[in-house]
Amino acid sequence: MSLLVLTAHPGDFVWRAAGAIALAAARGERPVIGCLSFGERGESASLWRQGLKLDEIKAQRRAEAERAASVLGAELRCYDAGDYPLTETPALTQSLIDLYREVQPTVVLTHAAADPYNHDHATAHAIALRSRVLAQAPGVEGPGEVIGAPPVFCFEPHQPEQCGFVPDVLLDITEVWNRKREAMQVLAAQKHLWTYYTELSARRGLQAARNSGPNLGLPNDTRAEAYQRVFPQVTQVLS
Amino acid sequence: MSLLVLTAHPGDFVWRAAGAIALAAARGERPVIGCLSFGERGESASLWRQGLKLDEIKAQRRAEAERAASVLGAELRCYDAGDYPLTETPALTQSLIDLYREVQPTVVLTHAAADPYNHDHATAHAIALRSRVLAQAPGVEGPGEVIGAPPVFCFEPHQPEQCGFVPDVLLDITEVWNRKREAMQVLAAQKHLWTYYTELSARRGLQAARNSGPNLGLPNDTRAEAYQRVFPQVTQVLS
Amino acid sequence: MSLLVLTAHPGDFVWRAAGAIALAAARGERPVIGCLSFGERGESASLWRQGLKLDEIKAQRRAEAERAASVLGAELRCYDAGDYPLTETPALTQSLIDLYREVQPTVVLTHAAADPYNHDHATAHAIALRSRVLAQAPGVEGPGEVIGAPPVFCFEPHQPEQCGFVPDVLLDITEVWNRKREAMQVLAAQKHLWTYYTELSARRGLQAARNSGPNLGLPNDTRAEAYQRVFPQVTQVLS
Amino acid sequence: MSLLVLTAHPGDFVWRAAGAIALAAARGERPVIGCLSFGERGESASLWRQGLKLDEIKAQRRAEAERAASVLGAELRCYDAGDYPLTETPALTQSLIDLYREVQPTVVLTHAAADPYNHDHATAHAIALRSRVLAQAPGVEGPGEVIGAPPVFCFEPHQPEQCGFVPDVLLDITEVWNRKREAMQVLAAQKHLWTYYTELSARRGLQAARNSGPNLGLPNDTRAEAYQRVFPQVTQVLS
Amino acid sequence: MSLLVLTAHPGDFVWRAAGAIALAAARGERPVIGCLSFGERGESASLWRQGLKLDEIKAQRRAEAERAASVLGAELRCYDAGDYPLTETPALTQSLIDLYREVQPTVVLTHAAADPYNHDHATAHAIALRSRVLAQAPGVEGPGEVIGAPPVFCFEPHQPEQCGFVPDVLLDITEVWNRKREAMQVLAAQKHLWTYYTELSARRGLQAARNSGPNLGLPNDTRAEAYQRVFPQVTQVLS
Amino acid sequence: MSLLVLTAHPGDFVWRAAGAIALAAARGERPVIGCLSFGERGESASLWRQGLKLDEIKAQRRAEAERAASVLGAELRCYDAGDYPLTETPALTQSLIDLYREVQPTVVLTHAAADPYNHDHATAHAIALRSRVLAQAPGVEGPGEVIGAPPVFCFEPHQPEQCGFVPDVLLDITEVWNRKREAMQVLAAQKHLWTYYTELSARRGLQAARNSGPNLGLPNDTRAEAYQRVFPQVTQVLS
């Protein structure tokens, strides 16, 4: 069992998907994070304002990403594919095909299809979806075996309504909440987001409790992350 | 664990949801079907053409419904609330509140929100959703305890695209397929639908196989039913 | 061949569908207009301001409607079912079931599904759709034979975008444009709408020309009416 | 200048629209709240569990509503039209027509069009919209003058994504935030919602800051409420 | 009269549009198929598993496509523009502009706008739509005369609901059904799809019968293909 | 205060946004128009038919654009980035980033997100949105200061319904209507559009009047332009 998380920037996997990653690790599965850029231009305003150079900024963001991944028990692969704008290239696509075939993910997480506040998020979504389909075909070259059809979940954007994001899955992350909080604290420059995402986890948790049904019966102080499926759920039990 | 199925007509629970019902029964859960009418006007054209009277038609449709429910291992409650049109009344609503509270369902199945080919289906959907919320409130009178918030799944209408039905859950019913076929055969007057729904189960099954991911890995000859959720899924594992 | 037009008010069939009605008449088909109210409260502001009484207003609106229908070569049936609000009742529904069965329409026209500026339009749409389905069932009582499944076209509301109206059919009415203009002139109290709907017919006509393809090849001075289908088109030729 | 707020229950105008109400009062406009029920069945679970009777519950909810309205500087009109379910009746509709004509609102606030968690909210929306249109017509009886076409804003439901709520207006309520907090504190039985709506105001405020443009330039600690328009904005300046 | 069919892969025009092609040929019109790739990577898994090389696979797929086109009475143009991924290039666009101008189509068929299971389908749709508009402009270079505005129909994807495909046209292909079956049988390696698309034609045919209206009155054993329009229908008769 | 208008072609800013531009100029703000191409291929059919060469056509379109901008009191920047198709390139993007930073717009106008009749409009929309976000980031190079988050309004496409355009803002341009008419008259080759857009301004004006509320109270002969927001409105007063 393995979880593949494809994000445009280092922060994305922490704020939006750290719970799912830590849960996978806690179950003994293998989580792998493919980070397409270092967010060196679009999400590093404070570093630029401090006068750092491009390479220094990349190095600092990479170091942070590695610590956060390590807290969550995940491997990190960095692609340094450019930021603001992130651009789809044949070389990047081939790298991701290879990654899919190496990891053989049972579940995939990535950005939502649209984000008018950060177009790199939409680009990362498109690349993740397209390379997944290419990795399924024996006729597409590259090392490793073709993959099956792992389900894909989009994690929650910062301004969900303007991104067409309507959550259809609420994931209970209460068990690994402390782990997510610790990973957030690695991102020391964005302290204001600690509170924001702590509150979001409580709000999504309350929503999970209210929708959880008599069977699961989650309490009101649940912590949760919201996701949106790209493909229909396949199941043997309705619940 | 109990499954509550609310349908406008007897045929609906057989063609569209028999797999889910039989699966629940096979797992030892309690399936209860609330059938709001006998389909005596809208779905009994051949009986009217034979010259039967209203009461005879109702009796015949009820008998059929009881045999089909029995094949599936489910209880049947008939409400005789009128057909073509089915009308929402305070008395019917109260009956369903009482049913919800008696059954305490862990899962609810009903029609999709719209059906321009049969407006009773949309009415049944609205009644099922509204009485579910009323049954949750201590301030609403009636026997029994209030219920929690069981998830609701809409089963597939006959012409799904014109009903705004986009399946987001594909339920593997292979294990109980023979049971569903047997229940369909109870509806002797609608033999042409046996083939139709047999093919549909194969088509939805193939789709389930193609979307099932490396973990579940369903074979191509899977039988499935399609559903659409009303509320977000709450889960502790993404899959 | 027969055309059934179901509208909430007298003006509706003139402004929005007179071209389709006149075309049907010109082809020797039978057009029948079912007018659910006289628009006596919601669309007769100037008559109320003149101090007329309810009965006088109804009589005046009926006379106007009869003249306009006559210009278009159509029969008019008035239901006097109330206005602002128009209310769905079992008696009105039965009248319309009977009308459907009498007329045996090959095509049906009515309002769009929503109109936040006039809720009676939405009510008329719902009644027209529901009684059409009821009229198809042998089990639903009433004189005459059951009907088939005539296609339904929604005509254009006054503020289309706010009503979710997206035209998918543009009907060339150039041939009967003079007839439509004459019918509009019957509605003497609403002179400002003559210009409005003359311009609209030119705008929809230009759109029809631009979308008409090399085969039909309509000229830029075409006059057209816009419609939205409720059910898919069934055809033996793509064009 | 006057603001008319039409809600299903007392709590609604506090949690969802208190900022807009207090702002109107602060500008010297007249805010009037029409509360269709006391929320005596659906939103008074704790009172029922304490064993209170229907009349006692209504009285207590009314007293609370009056205190909250008074804190916000608004008049309160209670319609006691029933709760769980709230039902649209000709008498209620006429009362609201009369209210519209008395208040002559320049702005109207009400619930969003859909809410699968509380169908009374959707009913209140429909009644508010329908009676507004009826109040515009000289042919509809009742005291007072007909009204114009005041813009309508839907306030934010508790689970916005499941209600199809996409905010298109973010209202800066920083100036009256203390007033809103005070009004929330009147609702002593729902202390857990104080935190919830305090956090929501900060989240919507941050969103307002991020979307506010260089001209308005709101700070990050803005407090805001989210709204969705029913009709297009009409303006003389784009901003 | 001529029909232009633009597809990503050889199989597409057989499974999804063979009926429309054979109907055009039967009416004496000129059908031309533009096949952008040979499906050599994405849809030739079995050939790759047999160890064939790229050129052999392309040759085999081309031969098959030619036989199928010949059965249907259509010309085939192959563009060998690459597969998995199919990429939009200025050269390919210019080739298609030239093709449009040479064929002067009265009707165009292509893929639906989205397909999360095969992104080349979406790419083919975009290329087909964009080159059609370019071919209309005198200022865009190339041989031949500019074209008019032929209607465009999207044919049905394999998993329609996940592609946002809602059929608005059902084409009766009963008359040429044998021809379509024969063309399907040319695709010997995909025998399982013969059954699938035979059943689909029956299902869409039954739907066509149910929606066909008293005028056309199709029987229940109709064979049909489903399409979705890109532009509004322009017509002189509502039907 | 400054208004930045980004259009694919010279005509676009005249037909669709001249009112907003003239209003800004009348208020003493600085309007700047960035015109990405000269429309030399797609919108200059009559010039090609007269036998002019590419450079002559560009020169003539540029001269026209300059005269129209001058009438409206706006600066014009031409990017000559190609037409039919307009192509997004890194160089064009950087030019627009620089333009955003130079102008520091308080409001941005551009095309709607989709236009199946002219794909360059959709491309211009995407470029305008993407370069706006890039211009906000300190990490993205170029002269000038980063910008804030100016609101973006899409102006009305020629066939709005087919472009998914639903107006949510109606701008009263009565005050500058003569100025817009004068700018339209500069475009001498497209005389038929003078009438079209004169009628459109009256139609949108009537709609503005009907939606304007008792507060603004616009008269029926208002002239207006329709817009659609990309981001939510942020305001301190609901109106």
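Observations, loosely collected:
We call the chains A, B, C, D, E and F, going by the order they appear; numbering starts again at 1 in every chain.
Criterion: a residue touches a chain if its C-beta (ideal position, glycine included) is under 8 Å from a C-beta of that chain, and two chains touch if they have at least 3 such contacts.
Predicted, not measured: the structure shown is a model, and the values here were computed from it.
Shared contacts of chain B and chain F, meaning chains that touch the two of them, come down to A, C, D, E. The angle of the rotation carrying chain E onto chain F, fitted on C-alpha atoms and rounded to the nearest 5, is 120°. Looking at A-B alongside A-F, one finds more C-beta pairs in contact between the chains of A-B. Ranking all chains by how far their C-alpha centres lie from the centre of chain C, first place goes to A. Ranking all chains by how far their C-alpha centres lie from the centre of chain B, first place goes to F. With centres defined as mean CA coordinates, chain D is found 37 Å away from chain B.
In chain D, the residues touching two or more other chains are 117, 162, 167, 207, 210, 231-232. The complete set of chain-chain contacts reads A-B, A-D, A-E, A-F, B-C, B-D, B-E, C-D, C-E, C-F, D-F, E-F. Note for the complex: chain A touches chain D at residues 117, 159-162, 165-167, 192, 196, 199, 203, 206-207, 210, 220. Here chain C touches chain B in the complex through residues 93, 129-130, 133-134, 137-140, 230-232, going by the rule given at the top. By the touch criterion given at the top, residues 1, 3, 20, 23, 27, 104, 106-107, 109, 147-151, 153, 167-172, 175, 207-208, 210-218, 224, 226-227, 229, 231-239 of chain B touch chain A in their complex. Partner chain D is touched in their complex by these residues of chain C: 40-42, 44-45, 48-49, 57, 83-85, 116-119, 162.
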